[in-house]
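Structures given as structure tokens follow.
What follows is a pair of complexes built around chain A, which joins chain B in one and chain C in the other.
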Partner chain A sequence: MNNFKKFVSLVLVVLIGMTLLVGCSSDESSQESSNNNTDSSSNESKNVTLRFMWWGGDDRHKATLDAIDLYMQKNPNVKIDAEYSGIDGYLQKLVTQLSGNTAADIIQIDVTWIPELAAQGDFFADLSQQKSIDTTTFDQNFLKQYSYLNDKLIGLPTGINASALLYNKDFFAKYGIDDKTVWNWDNLAETAKQVHQKDKNAYLLNFDATVSYYMVKAYVIQRTGNYWVNDDYSLGFDKQVLTDAFTYLDQLFKNGGIQPFSESAPFQGKPEQNPKWLNGELGMLWNWTSMYNVNKANIKNLGIAMIPVAPDAKDTGIIVRPSQLLTINKNSENAEEAAKFINWFFNDPEAAKILKDVRGLPPTETARKILVDNGLLDPALNEATTNATKMMGKPENGISQNQELEKISTDVIQELAYQKLTPEKAADELISRFEQKLSELKDQQK
Partner chain B sequence: MNDLKKINVSIIFTYIFLIAFALLMVYPLLWVVSASFKPNEDIFKSLNLIPSRVVTDSYINGWKGTGQYTFGRFFLNTFIMVVPTVIFTVVSSTVVAYGFARFNFPFKKVLFALMISTLMLPDSVILIPRYILFNRFGWLDSYKPFIIPALLATAPFFVFMMVQFLRGLPKELEESAVIDGCNSFQILLRITIPLCIPAIISMAIFQFIWTWNDFLNTLIYINSVSKYTVSLGLRMSIDATSVVNWNQIMAMTVISMLPCIVIFFSAQKYFVEGIATTGLKG
Partner chain C sequence: MKRYKRKDYIGLLYISPWIIGFLLFKLYPFIMSFIYSFTEYSITGTPAFSGLSNYIYAFTKDRLFWTSFFNTLLYVVMTVPMKLAFALIVAMILNMKIKGVNIFRTIYYLPSIFGGSVAVSVLWRFLFMKDGIVNKFLSIFNIGSVDWLGSPDIALFTVSLLAVWQFGSSMVIFLAGLKQIPNELYEAALVDGASRARRFFSITLPMLSPVLFFNLVMQTINAFQEFTGPFVITAGGPMNSTYLYSMLIYDNAFKYFRMGYSSALSWVQFLLIMVVTIIIFKTSSSWTYYEDGGQSI
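Right after this comes the complex of A and B.
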């Protein structure tokens, strides 16, 4: 009897499992039909739900959620579902969603992803076609350089981000460096040398391989005035210039201008977390204005300066780019409502006050003015960005930002840093590996 | 006397070595715990385990999260996802393994090879096709992509592990059950499963920890923040250009490790036995 009971219970378990499966599938169809219902009803009463996907930290999440709440109060027919996360896995998720046609209506993307996303399809709506978005408040030149893809305005910049030197004012005071210094390559190398001579534990520059790559690029571009890599996939520099850049970098390593990579290796890719930097034993970090607030949280007396520019530079090599872009999904059923929200997001004074600089220095003059008037913007950051915008070099083209080329370069720079290669050999190595990779990439294009 | 001393010395050295090595292995864990009590700006400045000033608001603020949903919600979500997944995996894998281990049917070898070959398939290869499939089923933004496949024994590793374990059990026990009048289901329930308890427990623990910590799949399938699991919640605020409250993240990491630790230690006896015996042939 007992056996029989167990057998019956097993059968019941299997049955429950089956009903669960069936239940799910019927659930799904009912879900679908309810979706259809809301869709059809939305067209009548104009009740729409928008999905807005972004990444960021706590500050950005809170500010954006507040802005969304305010917008929903003002527009009761619009419901906005916030889908926020950290940067981990964001791109992977986005690519999956775009290929599965399940992406949100409003999507925050990074400028550097555009080539990769464009290679997989045409995903973003042309915002210049949306009449409810007023783009005249933006710097048109800036839009032209970064926000257009195949003559379509695919997104609007959420903020302005520029290359900059972040420096520790206490460090500068300690080693008698004038913090008004306008940096060029010569005084940078000289100061770096002197600092290390005064104190064997101190290094002027907090450089990892990626930062060194920024520097090499800027050095080369200032000499040539070309793109790093041209649009036709040819190199924008010759061996001589690159050798000079590597010699300069090599001297910085040998003179103790840069902390040896053997010590800073654990912080490759995140130099802002290097304990020596946090403890004031490194003076300067070559990075982006968007990193100012992060570093400011740890270093009280943080200053911000222009990257070194040679007096005879053909191009300043200063990169000014959007911190991110806000795009509308091409397949969005409520593109018009999404456009209205985006217009409010960028152009409404109240929105500007709530969103502050959580996505970098605001891209519109009006929003910047509101923040300055209300004391919501760090004056140093504002000034540095404004100066950088005035002096900006020509924007980087897509191929110059290629991640694989960056990987090759940082590999070569590391070999140089560990003295495995002389500057000349490093230049040879980089050029031959670039040429190989570029021809591969070119073939993929065809 | 002399010998005794020698032994003592060698024992002391062994212990010193073991303790030092244990500390080395446990250090990251201790660091996480200590970091959760440090003020945020201290975390990367020193490797010291003792905070310069103990803060506890990291736990409170971390639990509150971004304001919209607390971590309590994420924990509840994770349990809603993990518990059915584990139960269904255990039931389905055991049944399938029993089939492979004890019955002969057409194409058994081919099917077994197919099952093993799915074990070799890298996860990233099937990520997008699986996503598209589940999308067609309308399962996105729910826990169905985790729970329903678990019903169908889609974890080849566990099936394989159970098959190996079952092969190690003497057939004579089951034959005697047949003589006593049991059918194959009764044998499974009354004879085989009780003998498999160690393997079943280790399967449950593995699946619990893996699902609990699963980041990539939850990331892909869950969109709404209200349905986020702990592993998503932990990374929700990590961004290079924002000030990250690492001490809050560490505090939540500590809390999110607790269920795994509790489960592991409460079932440790069976767990170790399970691993130790699955490799043995009878």
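Right after this comes the complex of A and C.
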């Protein structure tokens, strides 16, 4: 009897240990078993579960979940698990999942990640091989520029995203700035100066170090017509041009065009949360058209304009790119079902009506038309994106978007903003740090 | 003899969940990170052996290595004494016989439950920003507003205040230590006419020194690894003044995908913490007091 009790307790302990271990293993096995259970009940087509992972804000989550519900109603054999979150930590999670082979079937990615992800391995299925996806509705040029990697169509753009200035119309009215102004570098600097002279608490520009980096890049590219950094890892600019760009930025700081970093520092990387911007004491944020809706939720009278372009610019430096890409995991067991869903997601009129512009201006002509006909598209957003597309510069190459170069640049820009460096010294500093980093990166490529 | 052995076996089975967890999630990553630290490894793909190059790069070429290294040292030196002093003061107050003292003990422990959570860090940002509550409060006393998070000279201090605020766990341990001090000692001292300060320095502190030692070691280790606070409140800025060592590890691992390099950085951090802990242990014999002459350690 006593031995029996011991035996039972031993078995129990082993069982507990095993459940702990099994609990940690991937959930694929449990998915499979649930599929098998339901398989017997339906004879029509195979039941599949797809995982769809994206990031976004509340609007996007709600619209996407509604679209998924509708799709599941129409296709009862397909179950879609939504895995959604904010952008914070999304890439880190994705990379971990990709390397551990536990990533979702349908994955939303950002185009700026492609170079770095591509260096890690081959993760995404070639969508041009999927018969069920109709890609003719997309602008083919746009697809070519951003969605191909080594001749493979790795994703489809969820929307068109362009660099833009978001501005507060009430702020403009208060300081007598013309709503219709076409911005260039001169009138931007002049207006910024005047605003601060009128009101010591107001600043025209809501710039953090990252946004300042966008501006410096655009300024330089407009002068040179080159890439920021060339594909052979050489610099696309010389010291003179960069010094001019930093001098321009420095003047904006000194004239009160930009809110001092000592005040805005807590909102580095998230200028749209700056309370002064939310209270209407900052006029303008250099950002993306895809951020229009997010900011519109907080700022009642939000306008959208084109970034400053010099009259004699060699390249406008206006970036027009996909808001994100929807990709299919190369290791997905249900790639065909995933492809069917993606086709519906982009090309179905009902899907377009539900998804509206939560991922920026829709990429297909048909979806845009449906939204315009139904009055679901913000005319200002539509106009700004269309204009930007007309004037767009050449697309950024991979190395120009490198994260480590961005870190170096925002570090140097902060030193300029805190007046630890003169524009000329800042240019020297940036160039020498870029050259060191680029030679390291080049060595790694070998 | 045989019986004894079987009992051993069952005991091992009972703690097997912990052992398995330890082997899989602690020891295995620990060993692997050491191996990876000698490789170039980008999370996917295969690691390529590169000798000591990661370590050499950290010490000779990576300018952010030294920035974050000294930031972290400064952070530890600021945070740990402030936190211990604060925890001890609160523990002594809560050790007094006050009505409803248990409620206060719970309340004061709450910040530690909130812990290093993101929400609290966001709250910190709004408390200490330019037009934040702290500056509004100071303006009542005609003190001009301070760039708590915007000035490269002050930001690290502001961030370290968050850690000080989470004094609860040290406080509870201090409280337990204070309860252990025999009341007779204080009574005897009172009879001899010892002042409050005298009683504190001659009775409380020596009797509490083993507890103080424990808290010092734990808090030092924690402070070296601080991440959430500076990451969320200031993102390492302004001008990298709050860019701590663990953020350097994070950036290299998850932003630049240099797993090999960040493993090497982690090992440098581990060795640094170990050296500091050993120093604390070595010096402790000269300032800790054990009633049983230190037999218990």
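Structural remarks
Everything that follows uses one rule, which is that the second predicted complex is superposed on the first by the 401 of 446 C-alpha atoms of A that agree within 3 Å, B and C clash if a C-alpha of one lies under 4 Å from a C-alpha of the other, contacts with A are read in each partner's own complex, and residues count from 1 in each chain.
Everything that follows uses one rule, which is that a contact is a pair of C-beta atoms (placed from the backbone, for glycine too) under 8 Å apart; a residue touches a chain by one contact, two chains touch by 3 or more.
These numbers were taken from a predicted model, which means no experiment stands behind them.
Once the two complexes are overlaid on the shared chain, A:Asp199 sits clear of chain B and of chain C alike. By the touch criterion defined above, A:Leu91 lies against chain C but remains apart from chain B after alignment on the C-alpha atoms of chain A.
By the touch criterion stated above, A:Pro275 is placed in contact with chain B and with chain C alike.
Of the two partner chains placed by the overlay, chain B and chain C both lie in contact with A:Ser99. Of the two partner chains, chain C is the only one that A:Glu116 touches; chain B does not reach it.
In the superposition on chain A, A:Glu263 makes contact with chain C only, not with chain B. After overlaying the two complexes on the shared chain, residue contacts for A:Lys407 are found with chain C alone; chain B is out of touch. In the superposed model, A:Asp81 lies in contact with chain B only, and not with chain C.
Using the contact criterion defined above for the overlaid structures, shared-chain residue A:Glu383 touches neither chain B nor chain C, since it reaches no partner. Comparing chain B with chain C, the partner in contact with more residues of chain A is B. Across the two superposed structures, the residue set of chain A contacted by chain B and also by chain C is 6, 10, 13, 17, 20-21, 24, 92, 96, 99, 275.
If you check the complex, the residues on chain C that touch chain A are 10, 13-14, 16-17, 20-21, 24, 40, 42-45, 61, 63, 125, 128-131, 147, 149-152, 155, 233-235, 237-240, 251, 254-257. Chain A contributes residues 6, 9-10, 13-14, 16-17, 20-21, 24, 91-92, 95-96, 98-99, 116, 119-121, 209, 260-269, 275-276, 403-404, 407, 411, 414-415, 418, 420, 433, 436, 444 to its touches with chain C in the complex. Of all residues in chain A, only 3, 6-7, 10, 13, 17, 20-21, 24-25, 28, 31-32, 51, 53, 55-62, 65, 81-89, 92-93, 96, 99-102, 104, 270, 273-275, 278-279, 288, 290-291, 293-294, 297-298, 323, 358, 360 touch chain B in the complex they form. Listing the residues of chain B that touch chain A in their complex gives 40-41, 44-47, 66-68, 88, 91, 127-128, 131-132, 135, 137-140, 144, 148, 151, 182-183, 185-186, 189-190, 215-216, 219-220, 223-225, 232, 235-245.
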